[in-house]
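Naming follows writing order (A, B, C, D, E and F), and every chain is counted from residue 1.
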Amino acid sequence: MLEGVTMAVNVDEYLLHALKEDITSEDVTTNAILQKKEFGTVDLLCKQDGILAGIKVFQRVFELLGEVHLETSYQDGDPIYKGEKIGHLKGDMRVLLSGERTALNYLQRMSGIATLTYECVQILEGSKTQLLDTRKTTPNMRIFEKYAVKVGGGTNHRYNLSDGILLKDNHISAAGGIKKAVELARQYAPFIRKIEVEVENIDMVQEALEAGADIIMLDNMDNETMRQAVEIIGKQAQTECSGNITKERLLELREIGVDYISSGALTHSASILDFSLKNMMPIKRYAF
Amino acid sequence: MLEGVTMAVNVDEYLLHALKEDITSEDVTTNAILQKKEFGTVDLLCKQDGILAGIKVFQRVFELLGEVHLETSYQDGDPIYKGEKIGHLKGDMRVLLSGERTALNYLQRMSGIATLTYECVQILEGSKTQLLDTRKTTPNMRIFEKYAVKVGGGTNHRYNLSDGILLKDNHISAAGGIKKAVELARQYAPFIRKIEVEVENIDMVQEALEAGADIIMLDNMDNETMRQAVEIIGKQAQTECSGNITKERLLELREIGVDYISSGALTHSASILDFSLKNMMPIKRYAF
Amino acid sequence: MLEGVTMAVNVDEYLLHALKEDITSEDVTTNAILQKKEFGTVDLLCKQDGILAGIKVFQRVFELLGEVHLETSYQDGDPIYKGEKIGHLKGDMRVLLSGERTALNYLQRMSGIATLTYECVQILEGSKTQLLDTRKTTPNMRIFEKYAVKVGGGTNHRYNLSDGILLKDNHISAAGGIKKAVELARQYAPFIRKIEVEVENIDMVQEALEAGADIIMLDNMDNETMRQAVEIIGKQAQTECSGNITKERLLELREIGVDYISSGALTHSASILDFSLKNMMPIKRYAF
Amino acid sequence: MLEGVTMAVNVDEYLLHALKEDITSEDVTTNAILQKKEFGTVDLLCKQDGILAGIKVFQRVFELLGEVHLETSYQDGDPIYKGEKIGHLKGDMRVLLSGERTALNYLQRMSGIATLTYECVQILEGSKTQLLDTRKTTPNMRIFEKYAVKVGGGTNHRYNLSDGILLKDNHISAAGGIKKAVELARQYAPFIRKIEVEVENIDMVQEALEAGADIIMLDNMDNETMRQAVEIIGKQAQTECSGNITKERLLELREIGVDYISSGALTHSASILDFSLKNMMPIKRYAF
Amino acid sequence: MLEGVTMAVNVDEYLLHALKEDITSEDVTTNAILQKKEFGTVDLLCKQDGILAGIKVFQRVFELLGEVHLETSYQDGDPIYKGEKIGHLKGDMRVLLSGERTALNYLQRMSGIATLTYECVQILEGSKTQLLDTRKTTPNMRIFEKYAVKVGGGTNHRYNLSDGILLKDNHISAAGGIKKAVELARQYAPFIRKIEVEVENIDMVQEALEAGADIIMLDNMDNETMRQAVEIIGKQAQTECSGNITKERLLELREIGVDYISSGALTHSASILDFSLKNMMPIKRYAF
Amino acid sequence: MLEGVTMAVNVDEYLLHALKEDITSEDVTTNAILQKKEFGTVDLLCKQDGILAGIKVFQRVFELLGEVHLETSYQDGDPIYKGEKIGHLKGDMRVLLSGERTALNYLQRMSGIATLTYECVQILEGSKTQLLDTRKTTPNMRIFEKYAVKVGGGTNHRYNLSDGILLKDNHISAAGGIKKAVELARQYAPFIRKIEVEVENIDMVQEALEAGADIIMLDNMDNETMRQAVEIIGKQAQTECSGNITKERLLELREIGVDYISSGALTHSASILDFSLKNMMPIKRYAF
């Protein structure tokens, strides 16, 4: 949840930095036009169908700048439709104008990711297979993007290199085989970690099972091999399928019965969901 | 250019922060497998056709982590093709493994933007019309994304709210009309600023001209109105067209002869260009 | 305006850093004397005639430290006179004592710059010539110093190296002449930038005009040459005169009719305007 | 000494921040003209007589940006004269151009302060009286300004509120008299601190002596009172005179035999000492 | 006092950093269980006898995270006993759960140091000898640990290398003897500094006295030598004894009549004082 | 491993901050004595028997300050003995003097923790039971303290609140029972997380097993109950014992056959291991 403690400890600094990126000395245009504090209102409009994500981040951007209040009956995860009025902001008009772009940049990207995730999750609906994200996120956006995946119905894979063990091809060859790699990981890692191993064929599946992997990632396998792998593994480990996941491929994979499918595209290639602030109106008096 | 002074002053802090996002205590997997420094090499492979952007950022990520050397004959702006080997990294294998994802996340996003920009610029080739980006960039990625637009052949609009005057609908209504808004801006703004005004119809074009706008943004006009606007404006101001620019629309707009077309999609909705690090090989001795 | 959004995004961090510079562990003297919170009041007195600048910065320093309220009927730009009581602070006496020096250091320097600027602007009063600042500001004080120039009636030149093009002698020789330099700048720079060229003689003026410079800086010219330059340029470009501007020289230059005169001394050699906090009095009860 | 450990721990962050203040995205002008690394040289010229201070800070600014080497036979404290060539820089021309203003802004301000300090110290030459600075420094410039005072021959007063006890009028009244204030300070403060008390008349001098003050600050006294105070105090405490110190007043005060005179003007009202970078020349090959 | 100005300027950043150390993305456990804001209460219990230190730091950790109110009748320095309820927290349960460990880590360490200090100070009770801390503090904990020493009845030695002169063996040999070292220090240091010299035998005591040292540190001397040193020094300088101070040794040293005894163990080897948060209860409505 | 990538990304900032804590303007003593760079050597001596931890952190502190080289044949984990010379530093004497305390503060604390851990691990030697640390670390020291535990032969529990699920009493009651809590955690948490549940009696053990907990923490149980719990759990989950672990208790617990024992005392109550820098000697020439 991007609110409360998480906002205070891990989010505010990103928002403030993004504001500094957009305002390095002052907002020249706004300060030219409004040389003193005046109050006004503006509407947040949705311009495409999708899933809302990031409404509290959107709101927080304005709060960091000054006196602004958001009225909305929507919350993250709600389906929204083109043309809907999602919220109504009132407050210092200079804050509304200066914060608009940064607030929308977060909201649009997060809602875009939630929307794409939701579409993919719908395809898996009714199966046991769950959709995972990856570490292929935009730099300095991970906390926002992984949260958006969750809002869209996806499940988060490890957050970063510090909180999960994933032995990939390069680690395995550096260690001298799956068995040795798993052993080294088990000795080294905090005891609370599960160990995941990436495999490419049935022999490696066997090795991973013998080594005692908790999760086995089936990487770039054809359907037949994957089906075989899933059968061999059974309940001995969890299975994750990865590699160029398209919507069509999701349909095939749900039949195979893999536990998890991970998709980098959720975060690295989602289009934004479009919003705008419209109908700014000065208001005479102002009270929260 | 994302190198030299710009790298030292404005880029390194983002890269280091992105690395901290991915490594909050240590890279558990890599440190489990490689408990001391060992040298190796790995190839940077391109997995889609496109335009390369961010190769020095990619390299810098590794340099911030330790001893790694990149050999490459490519530079930003080069066309690259699926399957090509773009570079060869050698150095501390732990650095190669721990930096891989962050380095690729930058390279992929920047090359994706450069590629989309290049495709759009091709459509305008031969006309006088130039392609602009917007402030609809991913938070904390602006310096990378605007640079990628330039690599792809685009032109940068203002960097942020502090270095350009753009009077939009809300500013104009707050000021009480275009004339008043331009006057306020001229009085307030640093003398080195051009003044741009957003207009929606022919009357507003006239007003903007009379007020002495340096640039007039024609927002969401139909082709006929835009043609008329361009004619009226002539050489009295520069013209910029904005609003939901698709590739098809670019073709129409190049005929109308607007000076600039701005597109938010270049930065907010480009897919990444896919790369990977492959063929890691330990090497016995190592020298730069 | 150093308030609102600008304060939140760009000013607070400087103020907090300045406070950390003055208090690296604790204010030993104040904490020795006042070991618990006690309320009091103190007066802000002006000790020299001048122009007030930075009153909200002064106030903000205390607010960052704790509970303090400033009562004042003055605002930035007001003429103030020796002996006047500019404001009345009430609040936590430890905050008043610990914040005093940092708050005054800002107020004194900003008011000193506003005062010097005002004196220079008075000399140009009635002419079309406007007074500009430069980038010769005290490091990490630019936002305060450029604002003070504006409060004193001056106009801001570019804020920094990122938001204006100014081709000086070294750039011109590196590029191989004015024409080439302007061309390179036009290709490279964001389209919203004006291009300014520094020239030293009439030939260079001609070159700059032919190259299409938006602004021409007449550097260290004698009056006769400058007069000639201004005449040649006419309305084809704006003119800026720079180089060792004294008050006497301002009188001569206003006659020549240059558009702008820039002066580094406004920010690098203004004396402070003296203020002090006096008459601290404990108060029994306290309410905002 | 602003070099070595002090530079690494306490100075670099200010220099880097000042560079970020001047380059918020990139140096547009320089990057337009020099699109790849080219080497060149430039001279550092002195334009006024004075005392050099800050040459290593000047040099460090360039080093933070890239490859630049300074050749100079001057060091801080050297007298320098108008027209002298103080140093010769060679290196990446983009670094020379982008760092020029920030490097000069430090050098000019520091040398200006050292020069003014030197002039005042000369007046006291031969007497036992030493010249002190104050905390009236420019915010975020204290480490540079106090060092410059030392270079000019002055002595530093306490660095900040954390490392010295100075009981001023407000502290004394809050504590209920000098005796009580000194007692509280002695109990509270780290044992290594001297205790200084500000007094305004002879009665207070007596009180301060009885309370056991280590240093007595004679604030705004006329010459006769000060002479009497100095006599009474004798060797029981050190004496410091403060308040609107002009050069004329220094002459009078040296006769009275006070131990120290403190002057805020040294740091808050010194003009800069003018320098410039001239004669940039491209060079073919480059080696340190 | 760790509150007010000191908290705002020097403490908050440490607390926030410590929270970021414990929450790098989100508190997964708490957010899983409490997916929206719910109010509750919890008790702060003391599990060992000792001296309370850091109660406002404890409270501030929660305030930085959200809405939490602490009710307590205890303040720093109070003796507390095993089983006592020290305070009652009410507020957002997610804040209570997420902040618990960090808040307790500060409180436990600070109270542990205050308790050990108090025990040592008791041994010296009735003598003129005071107990000092050292710079042997835990990195990035000095402000908390030195404050805890003071709460326990100890006196602070210099805060750091910038605010005290202490000439140790290595400085003395580098300078070429005590006399030369003291001379160099007196010339170089801010005039407000006392000068302390470390000596190991009676000859060095003599030298230090002749050089005019303000404080003489008697390092690792046996009781007989120390007694002799104290006698020789008399009132000419303050005396400090250092080196492996145990409680037994304190008893001997108080007889010798040294002014100060410094002990690194106070900060580097104190055990924590144990506290816990217990009896969490949801509450229906909530008001401060 | 506190070296390489981890040092660059996660450690350097702590070291630099600790240096800033100790040097807020300059090291007055050292700079007074050594006004220019002079080279010297000094020995690192061990003053107590124990386990070495943090030697690269010790070295890195000096490297951040300037030119210093450490020669040593010891590495972390080596047993060391009172009186041994652990290393020999050579380089800029000002760096040696100014960095000494901070470098030792890290080394002493880390080695103290490693030594205590080692002693406890010895008691468990030969059994299957492993020793765990906790989150009861000193604020802003976790990365150093958890590493020291590992050096001493311990195993790390979760690093922080973001990378492990641990359902404690308060979470369980907030969720309404163990079953519900585990369910919520499984739904919410990244799929790579194991789920640990804290239980206090046999009924709760049963509940935790039925809920499918991966790890069961047996909190403050008597030996008999714990034995029973371990038997019931068998291989269905891992077992962790926590709560006031003394060395005596370790002996009893190893017999019961619990998988893990966690001890807060390892990090919150270890005494330091004493080291010192001795025998500083100037050297004429210097080369790495």
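Here is the rule we go by: contacts are C-beta pairs under 8 Å (C-beta built on N, C-alpha and C of every residue); 3 or more make two chains touch, one makes a residue touch a chain.
What you see is a predicted model; the values in this text were computed from it and never measured.
Q: Rounded to the nearest 5 degrees, what is the angle of the rotation that puts chain C onto chain E, matching CA atoms?
A: Value: 120 degrees, nearest 5.
Q: If contact pairs are compared by residue number, which of D-E, B-D or B-C agrees with A-C in over half of them?
A: B-D
Q: In terms of residue numbering, is the interface formed by chain B and chain C classified as same (over half shared) or different (under half shared)?
A: same
Q: Please report how many Å separate the Cα centroid of chain D from that of chain F, as a whole number.
A: 44
Q: Please compute the C-alpha centroid of chain E, do the same for chain F, then give the distance between them in whole Å.
A: 22
Q: Once you find the CA centre of chain A and the CA centre of chain F, what distance in Å lies between them?
A: 33
Q: For chain A, give me the residues that contact two or more of the other chains.
A: Where chain A meets two or more other chains at a single residue, that happens at 23-27, 30-31, 35, 98, 142-143, 159-160, 162-164, 190, 193.
Q: Name, in rising order, each residue of chain B that touches chain C in their complex.
A: Spelled out, the residues of chain B in touch with chain C are 130, 132, 155-159, 162-164, 190-194, 196, 215, 238, 260.
Q: How about chain F: which of its residues touch chain E in the complex?
A: These residues of chain F touch chain E: 14-15, 17-18, 21-35, 38, 40, 42, 93, 97-98, 101-102, 104-106, 108-109, 112, 135-143, 160-171, 173-175, 181, 184-185, 187-190, 193, 265, 268-269, 271-272, 277, 280, 282.
Q: Would you pull the chain C residues touching chain E in the complex into a rising list?
A: Listed in rising order, the residues are 16, 19-20, 23-27, 30-31, 35, 37, 64-66, 92, 94-95, 98-99.
Q: Going by the contact rule set out above, which residues of chain E touch chain C in the complex?
A: Residue positions touching the partner: 1, 4-6, 8-10, 142-143, 146, 159-160, 162-163.
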